[in-house]
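The structure appears right after this line, and notes come after that.
Chains: A, B, C and D, in written order; residue numbering restarts at 1 for each.
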Amino acid sequence: MQIAIVREVIDAGSITAALKAGADGAVCVFDGIVRDNTRGRRTLYLDYEAYEEMALNQMRNLAEEAIAKFGVRDIAVVHRLGRLYVGESSVLIAVASAHRGAAFEACRWLIDTLKKTVPIWKKEQFEDGAVWADGEPFPEEIVRG
Amino acid sequence: MQIAIVREVIDAGSITAALKAGADGAVCVFDGIVRDNTRGRRTLYLDYEAYEEMALNQMRNLAEEAIAKFGVRDIAVVHRLGRLYVGESSVLIAVASAHRGAAFEACRWLIDTLKKTVPIWKKEQFEDGAVWADGEPFPEEIVRG
Amino acid sequence: MRVRVLYFGVLKELFACPSEDVEVETGCNVGALRKVFHGRMPHTAWKSMAIAVNQEYAGDEVLLHEGDEVALLPPVSGGAPGNVPWKKIILPSPRTV
Amino acid sequence: MRVRVLYFGVLKELFACPSEDVEVETGCNVGALRKVFHGRMPHTAWKSMAIAVNQEYAGDEVLLHEGDEVALLPPVSGGAPGNVPWKKIILPSPRTV
């Protein structure tokens, strides 16, 4: 299980190569990349920041939960922080499994859940100003306010 | 749109790098790899063969259909033929899209449909003999016998 | 008239050749050709067979024409390992029509 | 007793600092701390805020202890671009408790 927060370019090739093993028939990869616009407004770059120790713990917990829940063999979750330009990968999730169904489902669940529960934030820089990205609302079990 | 049948190693890195564009926020990749066993019987290698011109046409048609159906921006589908050993990729499908939901759905649909409709076959070599892999049954609209 | 029949996968081994030229009557359709080949194949190989004419999947009603490329296609198994269990197909000795 | 409160994302800008030491009464729980901060934040930033104590999400009933690390977490937005439209959050000038 490779769980990491990095500040340099995410190397998808070496991450997935390290993940594969003989028992795997399928690897599903999600690569989240910086888009050039948000609703038509041109993006210059994004600044990602995290509550880093907690984010790492959460990512590790999610990966363990996904292995148990979907029966996949192994998972890599790598998130990048700092300033990212258009086309750069902010997150890479790779899931290796004997069968493809579990690989797809675990990969989708991981990115969906990561986006709601892992304490990472991004600020988007447009040509005419910057905004903090609106996150998806926390799941009910997290906010019991 | 990159649609190809190759006989050498599939280079996932260059395929996905060539696919990405500024408007994309998500790339979903499916990497099908040769597993070391089938139901516990040890696999030595697989021999893939195709009705090549028809397979290419089918792959192209599927990619076009997926772009229309799921609204994704671009797709690469590369299948390898010949002798493949454990751990090698037989097929790579990459889908680039503004949003992740469509990327996942198109990628899943492409591999599921490819496996049922694209004329490619594989023969598995075990230590004690070889068998042609049982394919999934053709969809009803294909076999109207 | 003649059509070219291509065999793939297990059928190529079953017939011990990749293709044959087959003489058919004018007006012969895919269904009629299917019947001719039915008798030459064991049941397991026949199950869920598809036929393509000139590289398009073709139903039984499709008419054949001189020079058509007709492919007999066992269930395909490209891509990654499937979830379907693999099964041994017993090959009989090749026969001629 | 004292707890260390960490601010992230828009809150770090709102309070113009990444963290503060806050004096709270013994027996203070997350809910009570939440109320203290409620008054300091505009509604848009407050909406759907989560609180973590020592790096675990904590509900209102969780008791605070001397030296706890308490993090105020705006809705997270890691990963790839979301499907949720982005929205400008207006930052008021920082105030003190």
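Going forward, contacts are C-beta pairs under 8 Å (C-beta built on N, C-alpha and C of every residue); 3 or more make two chains touch, one makes a residue touch a chain.
What you see is a predicted model; the values in this text were computed from it and never measured.
Contacts with chain A and chain C are shared by B.
The interface holding more C-beta pairs in contact, when B-C is weighed against B-D, is B-C.
Taking each chain's centre as the average of its CA atoms, chain A and chain B sit 24 Å apart. Spacing of chain C relative to chain D, judged by their CA centroids, is 68 angstrom.
If you average the Cα atoms of chain B and of chain D, the two centres end up 47 Å apart.
Counting only residues that touch two or more partner chains, chain C has 80-81. For chain B, residues that reach two or more other chains under the stated contact definition are 25-26, 30, 32-35, 98, 100, 111. Arrangement of the chains shown, judged by which pairs touch: an irregular graph that fits none of the line, ring, star or complete shapes. Interfaces, counted as pairs of touching chains, are A-B, A-C, A-D, B-C, B-D. Residues 80-81, 83 of chain C are the ones touching chain A in the complex.
Contacts from chain C toward chain B in the complex involve residues 6, 8-10, 13, 31, 34, 47-52, 55-57, 59-61, 71, 73-82, 84-89. Interface residues of chain B, counted against chain C in their complex, comprise 30, 32-35, 38-39, 48-51, 53-55, 57, 79, 90-91, 111, 114-124, 129, 131-138, 142-145. Looking at the complex, you find that chain A touches chain C at residues 25-26, 98-101. By the touch criterion given at the top, residues 12-13, 16, 20-37, 86-87, 98, 100, 103-104, 107-108, 111 of chain B touch chain A in their complex.
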